[in-house]
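Below: a set of structures, written as structure tokens.
Consider the two complexes below, in which chain A is the common component and chain B and chain C are the respective partners.
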Partner chain A sequence: MKFWHSRLVNRENAGRFFTDKQTKRVIFGLVFIMLTWMSAQLIGFELPLIFERFQPAMQRFVKLYFPPLFKESFKLIDAIWVTFLLAVASGTIGSFLAYFTALAMSRTTGKNKVLSILVRFVTTFIRNVPSSIWAIILLLAFWFGEFLAFLVMTLGSFGFTARIFADMIDETNPDSIEALESTGANFWQIVAQSIFPETLPITISWALYSIENNIRDATIVGILAGGGIGHLIGIYKNFRRFDELAAAVICIVVMVLLFDQVSMYIRKRIL
Partner chain B sequence: MQETVLQTKNLTKTYGGGTLALKEVSFALKKGEMVCVIGPSGAGKSTLLRCINRMIEADEGSSVVFDGKEITSLRKKELAQTRREIGMVFQHYNLVYRLSALENVLHGRMGYYSTFAGAFSLYKKEDIERAVELLGMLGLEERVYFRCANLSGGQKQRVGIARALIQDPKLILCDEPIASLDPQAAKVIMEYLKGISAEMGIPCLVNLHQVDVAKIYADRIIGMKDGHIVFDGPKEELTDKRIENIYGAKIHEILA
Partner chain C sequence: MENVNIRTSIFIKKKRRELDFDSLGRAKLRESSAADRMVVTLLVSFAIITVYTVFFRITYKWDHFMPEKLLEMAKGFLRWDTIATGQRTDMIKALINTFALGFLTTVIGMITGIFVALLAARNLTRGFLPHMIRSVAAFMRAVPTIIWVLIFVAGYGLSATTAVVGMYFHTLAFFIKSFSESFEEVDEATIEALKATGANWLQIVFGAVLPSSATRLISWLAIRSEINFGVAVVIGPAVGVPGTIGTAINNASRGGDYATQGFGVFLVFLTAFILEVLINRLRQRSIV
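Coming up: the complex of A and B.
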């Protein structure tokens, strides 16, 4: 056999490949433990205290929040409904705007370099300011209430989905774009006929996730900006009605779990 | 004497970094001709095809005359209009897999629609009927509404051919159309391409890796090596010696 070359293989080297890899893992683990211990020392965090004070803390917690009191059930249901609507509206509008932004950001579709860099900068900025900070900043310009909560959550959804959509468009197979270009199609025709259908399931999936996120976020945003269940939680907190607060938190958890089921069903159907 | 559809002169392409992909390539393509381009990987076959409809921009000083128009100097809008008349078939089919075969075929008409009508699939009735007719001609009458993701390789490539044909093209460029197909599907595709050139009179420029396939179907064979044309002639003249020259290897080292 002419092509069957026999080459000298160094067997010892192959064995060392694995010992080297294992050594690296051990070193990495040790560094990790060292860093944890060092930072605990620096902030004066004493690990034994966690166990010592665990019991009294738990007792106080149970005393304050249990049993949850569903006193204003009607108000609660109304508030959670408003939260749900706010989350859906901000999630869909934020994702919708993010999709167009992502078209400008993506390497596949963002032909204008200046626009691409500008948009990237703006979305990175929006994304890296947490929604609680947005609520505080925007409170000065927009009045406390549902609209502010909607605005804050829209910014949150927008910042995070824009980045994900841009990556998603980058990863979409560009073959069909090439084919459409070769038939004389223009930019928006290609977006609508190739990029949009190919990315639709993932887009919907992430929009649903951002709505879920918004329902969770609605608590803190509501406390700071007003609107929905968060606003109610803020009131309960200020008036030290902790058993009712616990009831509101349970409502949110139930809402999130329910929506999770619904979105999982939708995902299964579209993928 | 058949009329010339395509004429390239001094077609040269240098990629960023100074790689010379094409060097002064000149050839002509006549109506109804089936020309196969063979050569080793990296010889510039794909680049040559894409320089013709300017999916890749050729260097300054290159000339591509298609249907009496100088393509290299066209503006964006004129280029899109000219591309409508050049069909393209790809190795990886380049379909939108989440759309049906019918929708993918209609993508071939996209250049004739306004942005709005094209984006929202507001196709004319006669285009839709033609698309169904073409799918039927290619033996896909039962796959019209199938998602392309659910089609076999050979069926995907036939959708690709239908997309090129609905353009009513004056030229079809095929980039390795059978490289991802099994031998049986490959034969079907080559028969269709042969039929398109011989019966419809649409010239086909086909990149191929398989020398034996080129020898069966081509009217003329172009051999490329390192960005040059090293052979251009009827298939009968493609001797073993010339194949050795194209691939830079002895004939017993080549699976041809």
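Coming up: the complex of A and C.
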């Protein structure tokens, strides 16, 4: 009743069924539903199929994957160790390069406009091309292996952190920079004395986050580019050794959860 | 003040933090100096691991390195005039398919995610349920999306439906975490006030929680659709879901057709870029 009443009494909305905001919402909702339905039609999504085949699918899954077989334990542990090393190394190098890029990109430190725009363009491109596509492209030039995985993860970390670091440097305290400028400090002195100490803890926490992301991405990067646990999973998948694949997945899950806890602990301590 | 326990560190000297004093009048500097030591330790260990990995661990295969391929790709990157029209439309179709895959998964994940997240929000649900749901969600997020897809390929066969189901679990876990955190940020006083008027759980949810967290939810939705687009691109080449742009790019690059490959990469870049710009606008409006 209230709904109709307000439309009759409110002079502004007299004669109009919907208020502007409501019209917008209704149209937005309708378009949303339309798009969803169209997407489902386009890719041939069949909802009933999922429920119909759920039980046999689960039975097949359990039969294929269980019990997990830790046959090549040594290989598995080595792959996990390599994945960890690759993730940390690429995260570190990616963040390190991203920091300097961010210095060129940020409004407070990037005085050279041409360089700033150029760098922005490059980082936007690197960031918005998914790491899997980088793996496919670079596979032709660099051979399948750990180095390619390292390269792909470094590009991913670089693109992701460069933007965050630029925002972070934008938000640093301008007073200290000004104070240093008035004493005649040059660019690198200002960076070393003011910006770097102020942003270091946040930089490290974001670097940790990008390492976390790298570990999560390691599976897909490994399948496409080789290197680490993903490479092993790719082999198991292709040779249909599903029980060993299940063991590898358990290793990944343990590593991801463990690293999450460790990085959360570190982040709490340093921020 | 004879027990002043000051541990000077490189960072404290520069930042001049405010001193806290305990009941005996001793300055408490331990926490911050521990943090600084941790920062230094982390930097050193990152550096050691990186040096070890790059110089001693990675096997380089320079005999397989082909810089001329990179050059060829760079040359072919924006040469769209050399692509056959059929291939161009195929690529655009593949892009739309990929986008639809990501979008559909996001929508299904969101619809179910909201309900589960309501049960996982500690200010709305009491007892052990939120903790349990969060643990399950953390586990679901730790299993990579590609593994979820592989799991369901075993039972459902290779189709778009399988891809949606596989991507769904990771999306759901993401939404449970982000939505329940958004719900927990809703002002406790509003909920208390509604409770005092005798509103039931559903009335609290629809009257206060959902409206006041709507902008945050939309931001999370946008962020996830960007992630899911990336995932949808990935699962093509990794698992072999046909008709997605990742598969098309993979085929083009295997076949040495660098112009088509470049066109595909450009399309992916453009879509991701547009999504990013949209998200930034949403964020500025709603301020997450």
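Here are some notes:
Note that the second predicted complex is superposed on the first by the 218 of 271 C-alpha atoms of A that agree within 3 Å, B and C clash if a C-alpha of one lies under 4 Å from a C-alpha of the other, contacts with A are read in each partner's own complex, and residues count from 1 in each chain.
Definition applied: contacts are C-beta pairs under 8 Å (C-beta built on N, C-alpha and C of every residue); 3 or more make two chains touch, one makes a residue touch a chain.
This one's a predicted model, so the numbers in the text were calculated from it and none came from an experiment.
Applying the stated contact rule after C-alpha superposition, one finds that A:71 touches neither chain B nor chain C. Chain A has more of its residues touched by C than by the other of chain B and chain C. By the touch criterion defined above, A:93 lies against chain C but remains apart from chain B after alignment on the C-alpha atoms of chain A. Of the two partner chains placed by the overlay, chain B and chain C both lie in contact with A:200. In the superposed pair of complexes, A:130 makes contact with chain C only, with no contact to chain B. In the superposition on chain A, A:220 makes contact with chain C only, not with chain B.
Of the two partner chains, neither chain B nor chain C is touched by A:107.
Judged by the touch definition given at the top, the superposed model places A:82 against chain C, while chain B stays out of reach. Touching of chain A by both chain B and chain C, each in its own complex, is seen for residues 193, 197-198, 200-201. Looking at the complex, you find that chain B touches chain A at residues 53, 55, 80-84, 86-88, 90, 92-99, 103, 107-113, 115, 118-121, 160, 163, 167. Across the complex, chain C is touched by residues 32, 35-36, 38-40, 42-46, 49-50, 53, 56-61, 64-65, 82, 85-86, 88-89, 92-93, 124-125, 127-130, 132-133, 136-137, 139-143, 145-147, 150, 193, 197-198, 200-201, 204, 207, 216, 219-220, 223-224, 233, 237, 242, 245, 249, 252-253, 256-257, 260, 266, 269-271 of chain A. Across the complex, chain A meets chain B through its residues 175-176, 178-186, 188-189, 191-194, 197-198, 200-201. The touching residues of chain C, counted against chain A in their complex, run 11, 14-15, 34-35, 38-39, 42-43, 46-47, 49-50, 52-54, 57-61, 64-67, 69-70, 73, 96-97, 99-101, 103-104, 107, 138-139, 142-147, 150-152, 154-156, 159-161, 164-165, 230, 233-234, 237-238, 243, 246, 249-250, 253, 261, 265, 268-269, 272-273, 276.
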